[in-house]
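After this come two complexes, each holding chain A, first together with chain B and then together with chain C.
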Partner chain A sequence: MPAFLYIFKKKISTNLPKDPAILLSIIVIWFFLLLFILFPLSKIFILTFEKSGHFTLANILEILGKRNHLQAFWNSLLLATLVGLSGTVLGFFFAFTSVRASLSKGWSKFLDSTIILPLISPPFTTAIAMIFSFGRRGLITYNLLGIKTFNVYGLHSVLFAETITFFPIAYLTLKAILSGIDPTVEDMAFSLGSSRGRVFKTITLPLAIPGLANSFLLLFAASLADFATPLILAGSRFPVLPTEAFLQITGLFDIRGGAVLSFILLVPAFSVFVLQRYWVSRKYYVTITGKAGAQTQIKSVTSKTGKFFLTVCILISTLILYFYVLLFYASIVKAFGANYQITLKHYIVVFTEGLKAIKDTLFIATIGMLLGGFYGVIVGYLISKKTFISRPAMEIVSMINYSLPGTIVGIAYLITFNNPPVIITGTAIIIIACYVFRYGATGIRTTMAILQQIDPSIEEASLSLGASAITTFKRITIPLILPGLFSGLGIVFIRSMTAISATIFLISINWTLITVRILEKMTELELGVAAAFSTLVVVIVFIMIIFINLFLRLFRGPGAIDMSNILGG
Partner chain B sequence: MKAIGIYLNNIHKTFLHRVKGEVKAVNNVNLNIEHAKLVTLLGPSGCGKTTTLRMIAGFEQPDKGTIFLGEENVTNLLANKRNIGFVFQNYALFPHLSIYENVAYGLKVQKIPPQEEKQRVNEILAMVGLTGYEAQFPHQVSGGEQQRVALARAIVIRPKVLLLDEPLSNLDAKLRIHTRSDACSNL
Partner chain C sequence: MISIKKSFVIFLMTLIFSLVLVWFVGEISIPGQAAEEVNAYSIWPENWARPMFEEFEKATGIHVNFIRFSSGEALARVIAEKSNPQVDVLFGGPVETHSAGISEGVFEAYKPPSYDVLESRFKDADGFWVGIADDPLVFMSNAGFLKEKNLNPPSSWNDLLDPAYKDMIQMADARTSGTAVTRIFTILEVFNRDEDKAFEYMKKLRANVQVYTKSGGGGTIPVGLGQAGAGIFFIVDALKTQQEGYDVVVSFPKEGIGTSTEAIALLKGAKNPELGKKLIDWASSPAMQNLFAEYKINFIPAHPDVEIEPSLAAVVKDANIFPIDNVWAGENRKRIVDEWVEKVLP
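Let's turn to the complex of A and B:
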């Protein structure tokens, strides 16, 4: 039988490279990667380093020469560092409590589902709720504490809102690390006489360090790229790069200046990406295991400490829930802060004046999801199952738009597709292309992860049991792939619903988006309508997630939705 | 040294299993092991050998019954207060510490002076044939060597009792016989 399999495999591998369909799809994909990823990016470089046909650093120096812009650069780095630190600490605290404090099933589910909320919401949600809560007429500052002078705008608020929004990424990263630590290793340290505190200090914490570094970099990148929170909460005294680039273009109509600013943003973003991908991700400790140890009743914390930790976690989760309740409440009262009479008028605005934005968003998200899913599966399949010369390059290039801050991608598209050879500014195509080549990358990742998980011996086992290659593909391969594919599609849809940082540059009179409407309503101080729009997006995203979970349960497959990919931005 | 025996009286332990519901892992075990004896627990898979060892070491609490080490009732004593050497089935080496630091861990906890610590670690490493491996990390050495590190780490603290949970199951047949006779002559 092994001889037969060997022949069978050989037949496949010699047949396919000759397959013209594969060759053709490689060429087509490269065409699109060049057009929608490398070409726009090169435009940013050209605008940054070129002046009347010559290479120059004058553009960068000129932009950085303005005090405001230099300040924005340092502010961005400062904010990202602080968010990275505070989010990692908070995420570690939650992860440690969740994995080590022997929580009951109910509590651990409560924590899990609450802190996922900020990740799946439109990027403004926490920021808007902060204004309702701590603003001039805020529920807590004004109504509860009677403070009239509290300033909600500035570093402190952005830091707080971004920490709440992004710490779930740290939580998910660190939870995987902590639950991956072999419990017998900690048992062993106890047995050698260590106290609980010492086990934590000498074993648990050092083993988690690569995870902590990874989560710091992920949060740093997320904060660096975040556009929505600083736009609403930073105020004029705390400019950051993404908002400065946006204002440079929409306020001063200085496209070159915006491109240069986004290039300045690209440098730290790219460094962090490289560090995270190629340095930290290789630093994980290999756990030395012969045979998995017996499941242990972990006693890392006393039950008293455990209860204390759980209480703190519940309080923070309650704060998050409070933000969402507040958002909903603000959407059903006449004028938050002044008139608390229940009304549906904001929703009427949403479904009349805002109906076009809803229709446009759903249309674009649906098309983006289908095309993005299709693109993700094909590229993922090619990269993980086929060998061709340009394969490593394809893997890197396909990830670029996903890894860069949305502001850069948006500006690159804006300056590229406004002029020949390809003019698609003002159409739905430019927004859809942006989504497909940005969020489709999650589809590539999912497909690759699934294909790697499928041990060739699974398919071989089916063949050896007498099933034909076609039956094997139908009964074994497809059911294994489908759940992951479906969650990949869901992620593209959800991210398309909540995206703003790139698409804010790409909307037009013909095509607009809900997230952009939320922003407009915020600036027009129609906070009730903004809250109603936000509530609507949260509800749509929730329906989508329930749908995905139902589907996954139906197929009982692996590849549960990876929440860290849903992050809005 | 004072004579130390292990005495288990009417030990019960029940686990909740996902499929089978409540499982009696250990059902009314009485066992007296006298001082300086080498005893093997033998039985089919799932009969409670590991659970019994883990209760002696203090990783699990018996539902019922008492455990004595010598005259001392240790039933409710934490694992880190029992001074028992334990070698796990999977060795449970500290992956972020070198082999020297792995072996020295217990001595550092006991606040043994550095001079003595160094001497004892070197002695033990020589005994298990790992002199020269001090700076290596667990993932850099072979399975048999990892196993000997685990053994060295457990005996260097001079425990009252040494428990080995299938310490040889991950070694190949030849190495297993070799290590077994080694261990027997050392203990």
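Let's turn to the complex of A and C:
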């Protein structure tokens, strides 16, 4: 045997887990990660860099040589930067108001629950409402303000809709940071004679900077990946990459072009993900004072400014609520904009013609939820509790599909699983696999976060008392991570109900989804039916959240679902 | 107390869970009830395809599973699935789509009984597709918009270049919509296939376009509502908008406007070819085309034995309508659409 092989073998054998069950799990998980994450991704790389058997940059150059595509690339970056900035500012404003403006409990609950709505809604909801409100005959622009020439299509609309949809991510991130800053630090500055502005500039803002950077990157990524909003609102003069890739494939049947476009999208998306995950998210400041959490009168804003801030927040929340009321209203009138007679006909369509889509979606979401939840817990457990040679690789690989825009994942699955060795196009498996390996990652992260807080000595105690690894896992670890499991289940379910960017490529004659029906109904201009479908999804997701919270409370788990994981699309 | 509540909730959850599970298992294990099923991609909107397929089932007992795509998407799908076709029939859609499909080798030739009586522009010489309807393009404008701007309904292609229409025209995107492809080939014909002049015109028209929609009828309701002033649509979409009560005006350009055959085709490697052929037989015969009027589908029937509905006949009576040369269009579709994306769209 050649020497290097021997070394290799020895190295492996010393690092192999001793427990066969663990070893088997690792092998099985790796098999799936290879099949459903790395293999499809490699197909995109091959399509991008290969031409008649040779490595080439010609494909990329050809695509970028087209004015429209190059513009789409810059547009995507521009839009993502703007959404990152405006969303972070708005999120910071909300978080600051919520933490520092001495809100009553009622108001803070109102704000919390309203601005979460866009995060858990099917895509297009904001876009539909925008067209109803700001179109040429929109309720606000035309009927209210009498503006006749406002153009609802373009950068401004997409920016506005995406900011409204995604700023809650910034809010949740920044609220956690701001409430971690002990107000007594600010108090000290006040007692030393600082003005409010100076305290804000020299204390509050610098402490929040890592959080601001973090939320900027999260929003940047969310906007970069967003497919639904630009598809409806961008118009023809503002192409962005996810929609261009979609049109390249579905419209021009240029699969290679679509793959190349999604590769171009992959570069900034993955860089941002790495930056966010491995750099910014580890740079948090913690304020340590003698008596942290001491009750103190918050002075950083006067009650007058506080009231002003609150009013602005309420106005914005009201706008969001108005969008949802409008959506519901559009679903119960005959033809929004023309005939405001109340009718149930759109819901009748939903529950007759649309019944198959509803059943399919629920079926896929439920199976995906169960598989994805367990997948998340198992991988999360392996990564945080076991040492094996491929552990860091497993952590990164398991996050890939989650960090990439859905368009890329969808295209990768489409080109991979339509040919041997694995043909699963046209089945439910391809959609379920897409959900499990994409959204299951949130379960992994939740599980890891929970496990990091568990003292390993508890498990060690169990092991030293003679329990096997499986018994320990069953009796000790599982009960501890149950809340993580439920959150993971919930997130996979909710996102399965609302996702479109990946699965629009994966639906088939046998399996269709509500979100795709919504898009179809929108392009057929059955806006009432689209609104009815959307309302249905919001209701189902709400019921699901109530269920999960019930479960969590039963097991006295810490808090509700981490909403920041529920990015749209 | 608390523990009773807890166990009740758990019981409730388990109950719901098992009910859902039973339902799902039932859902999976019961195969389609209808003994005979045929699968189709429909380019016709669901509102028209569904009643047709229900009538087909009534007449033959064969159930049609279908999903609706715009023509570009449907074509992309059948090409992608060539090695493993998911459907048997491509139903409807302007014939440029089907012509493009022939060169990709996705269809199986089949000549239904009506084949011999159809006019030559309603059938492929080799039988790769047959026509089920004729669908001319029209100009459709919002009556209120015309009045406000003091315009007559557009009666020439040049009328649409009027600055009064700035940002007020909606029409379809050629990457996804067959309507758009037919429109572009119409403009090419109007300019005697002088591509430079035709694209020059389209670039000028671009200045007046508010948005290019994903599907062919995508602009009809915005025009109906006055969000847009005018657009170029298939007659079937335009008249539907009118029938729904929107105040819109249909007009034709004096230079002429193209019409496209709506076609049906059998896929190569279809899993239920015999049933697919039955659907084609039915769709290409008066059996289906006589139903257009009843369901308010404003296509002009392709079969010579079917009478045009009188009000529809009145609309197209004096119009200058010419057929698109589908062979030429099919051969050049990709090149022209690419050029349109490159030159006109940005």
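FYI, the second predicted complex is superposed on the first by the 519 of 569 C-alpha atoms of A that agree within 3 Å, B and C clash if a C-alpha of one lies under 4 Å from a C-alpha of the other, contacts with A are read in each partner's own complex, and residues count from 1 in each chain.
In this section, a residue touches a chain if its C-beta (ideal position, glycine included) is under 8 Å from a C-beta of that chain, and two chains touch if they have at least 3 such contacts.
This structure is a prediction, so every number in the text was calculated from the model and none was measured.
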Original post:
Putting chain B and chain C on the same copy of chain A, do they fit or clash?
Top reply: fit
Original post:
Can A:I255 be said to touch chain B (first), chain C (second), both, or neither?
Top reply: second
**OP:** Quick one: classify A:K66 as touching chain B (first), chain C (second), both or neither.
**Re:** second
Original post:
Between chain B (first) and chain C (second), which does A:I423 come into contact with in this model arrangement: first, second, both, or neither?
Top reply: second
Original post:
Is A:S508 in contact with chain B, with chain C, with both, or with neither (first, second, both, neither)?
Top reply: second
Subject >> Touched partner set for A:S236, first chain B, second chain C, both or neither >> reply: second
Original post:
Is A:F49 touching the first partner chain B, the second partner chain C, both, or neither of them?
Top reply: neither
**OP:** Please determine whether it is chain B or chain C that touches the greater number of chain A residues.
**Re:** C
Original post:
Once the shared chain is lined up, is A:F190 touching chain B (first), chain C (second), both, or neither of them?
Top reply: first
Original post:
Once both structures are aligned on chain A, how many angstrom separate the closest C-alpha atoms of chain B and chain C?
Top reply: 21
**OP:** Please write out, lowest number first, the residues of chain A touched by both chain B and chain C across the two complexes.
**Re:** none
Subject >> Footprint of chain A on chain B - complex, ascending >> reply: 50-51, 54, 57-61, 78-86, 88-96, 105-106, 109-110, 138-139, 143, 146-147, 153, 157, 169-170
**OP:** In the complex, go through chain C and note every residue touching chain A.
**Re:** 6, 9-10, 13, 20, 24, 27, 39, 41, 45-47, 50, 65-68, 70, 72-73, 75-76, 79-81, 83-84, 86-87, 167-168, 173-176, 209-215, 217-218, 220-222, 224-228, 244-246, 334, 337-338, 341-342, 345-346
Original post:
Tell me, which parts of chain A touch chain C in their complex?
Top reply: 66-68, 71, 135-138, 149, 151, 153, 231, 235-237, 247-253, 255, 335, 337-339, 353, 359, 363, 366-367, 414, 418-419, 423, 425-426, 507-510, 512, 520, 523-527, 547, 550-551, 554
**OP:** Note which residues of chain A are touching chain B in the complex, please.
**Re:** 182, 184-185, 187-195, 198, 202-203, 206-207, 285-294, 296-297, 299
